[in-house]
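What follows is chain A paired twice: with chain B in the first complex and chain C in the second.
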Partner chain A sequence: MLTGDSQKFYGLLFGIAFSTLLNTQQLTIFVNLIERGASGVYNAPEAEIWVMDPVSRTTEVNYAMPSTALDEVRSVEGVEWAVPHLRAPASVRSSTGDLEGVQIVGVDDATLIGLPERLLATNKSILSQPDTVLIDDVGIINLFESGEDPIGQRLELNDQRAIIRGVADAIPSFTSQVTLYTKYSQALNYVPGTRNRLTFVLAGVADGETAEAVAQRIEEQTGLKAETREEFAQAGVDFIIQNTGIPTNFGITVVLGFVVGVAIVGLTFSLFIRDNIKQFGALKAIGVTNLKIMRMVAAQAGLVGAIGYAFGIVGTVAFLWGFSGNPFFKGFYIPWQIPLISLGAVIIILAITGWLALRSVLSTEPAAVFR
Partner chain B sequence: MALLPSNVSFSRQILPVLALIGIACAVLYIAVGLPDRSTAEPTTEPPKATGELANSARVAGAGIVEPASEVIDIGSALSGLVTDVRVAPGDRVEKGQPLFLVDARSARAQLSEANAAINEARAAIAEAQTARKTAADQLALYASLSDPAAVSRSEVIRVEGEAQAAKSRLAVARARLNAAQARASSVRTEIERLVIRAPISGEILAVNVRPGEFVATQGGGNAQPFMQMGETNPLHIRVDIDENEAARVKVGAPAIVSPRGDADTRVEAAFVRVEPQVVPKRSLTNSAAERVDVRVLQIIYALPQNEASDAFRVGQQIDAFIPAKEKGE
Partner chain C sequence: MNETTPTVMDTKAIGGRSAEAAICARGITRDFKAGQSTIRVLHGIDTDIKPGEMTFVVGESGSGKTTLISIMCGILWPTDGEVKVFGTDIYKLSDAELVNFRLENIGFIFQQYNLIPSIDAAANAAVPLIAQGMRVGEAREKAKALLEKLNIGDQADKLPNQLSGGQQQRVAIARALVHEPRLVVCDEPTAALDTSSGRRVMDLLREVAVAEDRACIIVTHDNRIFDLADRILVLEDGLVTHDGTDMPDGH
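And then the complex of A and B:
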């Protein structure tokens, strides 16, 4: 019945597909964008626990500790290993004379724990060469706007020489700031001197212990703040949510998508029902119950909804796939929860509009067919 | 839809199939695209407590390897040019063995001078003794004369005077001899002081002088020590323990030690002593500018003398794990 009227059918399809696309795509970008707040945590794959000064909030908003904090953490039962980790902002002067703010990440000299898992066109041992830094791939675009090859470029950091000898395949930070990875001892020279430099201690958990229990024990014994990987990633996300207008903006868009969906689908659905009110009346006249009519309409709406939803999701996937080469979208993915959320939205849209449109049918007298 | 056979409907059959295919592709894309948030094992093994310490209370500290005697900065008592360096870094030396020589030419010249003065004094003694003997003989002769008129009184007085003078000259010459001998002895000491000798038996750790260089007595300050040595058999390690953790240390228990960058090598080091003084932490973490922020208790451990200890060198940084007191102990 519904597919027979192609105008209304495609109108409904478009409404649902568009609403799904808008919701899914915006939610995806929103989630990925705020997850950038946790990128520093995810870029250090070995760390199960992050230990920091009690006032530190995220990987970027941190306060340094005395260097003996490392030994204090190592003294805690259940800590399998602990290594120093330095994250500090610095200014870099490139060969062309430009000044750029960068994030220096100093990883443990001996084990290189804290370095992103994948490096492009090099291996981790390159860091043993003097004055070596690794740059993150998105940082290349910011630092070398003219498109020159970053490998071998000489930088000046805090009056010290730094040579880029490799590229790290890392998730960019929220601000897409250039990140330079180097050894801890080297990083101390690159970061202007302050009294304390050790910003984080990364720790591993011994077999048979849970990260939560060990983090709790570290906090009790050392008085420092210890967070598991998940907690600290969440802290980075929360910081973005609390300090930017992004949730509001994306929330508005998602609500708009929902409203547009309701409007288009609702109008088309009501029109379709109204146009066919005589047929419904006839059906009622030959003894079809209200329940059966409702099921009939629900089946049709379900078909349209399913097809529209599928195209909406395909649209989102195509969008992400198409932009996967764009550095802004690097590392973007569709969390599996989001398509389920839009599915729920589609079902709600169809339920609301279907119920609104059917109200008149349910109260229709079979005699309406004769009017 | 004239393009399609009459029994196939685009909207009823093709569109749902397309939607199914699309959703399958999307599910695949989403499943594949989900990021890997799992943790990875460290590729290089980090320092960690092992054995019994892994699951019991412990205290960790960073430390540095030093000789059992601590490092001795060899100084020079006198300044001068270095003429000879007798040892190379890594040599084992016995106590008292010469390490390097400082130019002794001027001291040797003074020694010849002193020797000449000795000879001169000796000659003067001989002369005075002769004169005294002559005068004494003469006086004896005059005394033996029976006739008092044979010699004038004045002649006797003269000879008596000569005898007195000769006696005085002898005393003076003897004093000069003593003085010259004393000077020779002091110059010899000086020459001996220009040979710098090993204060203890041990190993030469660094040689920073070369023949021809000037060594000043003002060592210390910012100047490099001329030579460094120490007893490296056994090696000791000096572990810094944060003062907040110091109370937890089980004093006297052996420590598990591994060198920086080679955490697989673990050695059990025996307890030696606790330094009586809690000192400001000397940064062992490569800080560019030394800053004092925390105080540390220093505990000394001795490395065992076996092959495992070959991985340790003087001045190397180490990571140590020490058992802690049990709660309530």
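And then the complex of A and C:
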């Protein structure tokens, strides 16, 4: 019946597809956005343990430690290696005189641990050249809005010269702030001087040890805060959730998507039932049970729901694909849980609206067909 | 189960006794609520419908004819009285048994056909068989054979909106007869047809719906076809005022 009425069929399809698109797309953006709170952790893939001052909370919200912390960490049993890592804000002046806030990341001089995994059009050894910094690819857009090639560009950092000699393929930070990567020793020159400058110690775990056990041992022996890669990434995500209105805003949009879905689908469903009440009455008179009618409507609603859901998911994929060139959406992906959540929402929408609409059918006397 | 309330499974066997009334209605009354008041539409009707006959139920609008056949075919509960269809006291059956009884024993032809718009003619005609649990393919084949008999076999794969009114009515007739019910109930089958089309439909109904062990009840106020009835019941204000082979004088 439903598939034979093209207007209502497409109405239901639109309602389901729109709701699915809105829910999936908004949840995807939400999850990817708050995961940016952990981008600093993801951009240093070798680090299994992050050691920091006990008051530090995320890669961006940190408090420097004495440089002796590095040796303390190295002395803990189970630590395979430990390297210094500096993350600090600075102001950069470009060759055109523009001023831009940047994040300086200083990585270990010897091992270069702390650099993003992939560099574009260069390799890590380029950092051995004097005054070298690498810029993250999203930073290029912010720092060089007119589109000039960043390679070879001179910058001024804390009265020091810096030359961009490479581009890092990095996950942008939550604020999409420009990030400059350089060696730790060089970074000390670029960041205004304070007594303590070592913000993190990145550590690896020896064979036969777990990151959790070693992190706990570091905390016990050094009094510093040590978190595994996963714990510290989660801390970054939690910080965004706790300190921004993003969950509320996205939550409102998702709820609206659900409500709009219920409204469109519910209205269309009710019209469909009303228009076909005589047919349902005829079926009941013939001897078709309420259960069979419910199964019949459920099968048709399921078909419409499946098609609409597929359109919604494809729409979300198309949206992300279409905006993949936009730096804001860099690295965005659809976690597998989100399509499942959207599917659950579609099922709930169809169940609620179908039940509301079917009530009139179930309560219709078969004799109504003769009236 | 005692003899007066056989199970649904028994009902075909009971109906095989052709001398038995197809429908035996006793003391049928039916009240409807209208706001605070109650309106009595049927006033204790006693009547029998015999198998092998085409029985017309006629009367003016509001006379109670639709209410009477709704009660006779088990889709509207009487306020009082008893109805036996081929020996089964249908209102002593449970709801589920009554639904199944209708599915097994009664075929309906509605005035507006009420075909399902999204499925083709063969599937529409096969609905009772599918509801009985027959495989869809087998049910379609059986329905197609009946559509052939009704001279619309070539339309079996068309949707209702691709058929003319007359063709839709034949599909509705096929749906009413495909499961070989012993009682066929028709509601105004000629109301929307011209005289010649109406008579053709009635000839067709007589050919396929009237048999020695099958009863056919037709509700109508179409006086162009009264001469085709084997028996006519005239209802006035909820009472049977005439029961005979012809219309009474003055009607």
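Definition applied: the second predicted complex is superposed on the first by the 371 of 371 C-alpha atoms of A that agree within 3 Å, B and C clash if a C-alpha of one lies under 4 Å from a C-alpha of the other, contacts with A are read in each partner's own complex, and residues count from 1 in each chain.
FYI, contacts are C-beta pairs under 8 Å (C-beta built on N, C-alpha and C of every residue); 3 or more make two chains touch, one makes a residue touch a chain.
These numbers come from a predicted model, not from an experiment.
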First, second, both or neither for A:G261, with chain B first and chain C second: neither
First (chain B), second (chain C), both or neither touched by A:P150: neither
Touched partner set for A:R74, first chain B, second chain C, both or neither: first
Partner touching more residues of chain A, whether chain B or chain C: B
First (chain B), second (chain C), both or neither touched by A:W321: first
Contacts of A:E365 with chain B and chain C, given as first, second, both or neither: second
First, second, both or neither for A:G236, with chain B first and chain C second: neither
Touched partner set for A:G15, first chain B, second chain C, both or neither: neither
First (chain B), second (chain C), both or neither touched by A:I286: second
Touched partner set for A:K278, first chain B, second chain C, both or neither: second
Residues of chain A that lie at the interface with chain B and also at the interface with chain C: 3
In the complex with chain A, residue positions of chain C that touch it: 66-67, 69-70, 73, 75-76, 96, 99-104, 106, 108, 110-112, 114-119, 127-128, 131, 159, 175, 187, 219
Residues of chain A that touch chain B when the two form their complex: 3, 6, 9-10, 13, 42, 45-48, 66-68, 70-75, 77-78, 80-84, 108-113, 117, 124, 184-185, 188-189, 193, 195-198, 204, 206, 229, 303, 306-307, 309-311, 313-314, 316-317, 320-321, 331, 333-336, 339
Chain C-touching residues of chain A, taken from the complex the two chains share: 1-5, 276, 278-279, 281-289, 292, 365-367, 369-371
Residues on chain B engaged by chain A in the complex (per definition of touch): 9, 11-12, 15-16, 19-20, 22-23, 25-26, 29-31, 33-35, 37-49, 54-62, 240-242, 244-245, 248, 260-263, 281, 283, 285-289, 291, 293-294, 296, 319, 321, 324
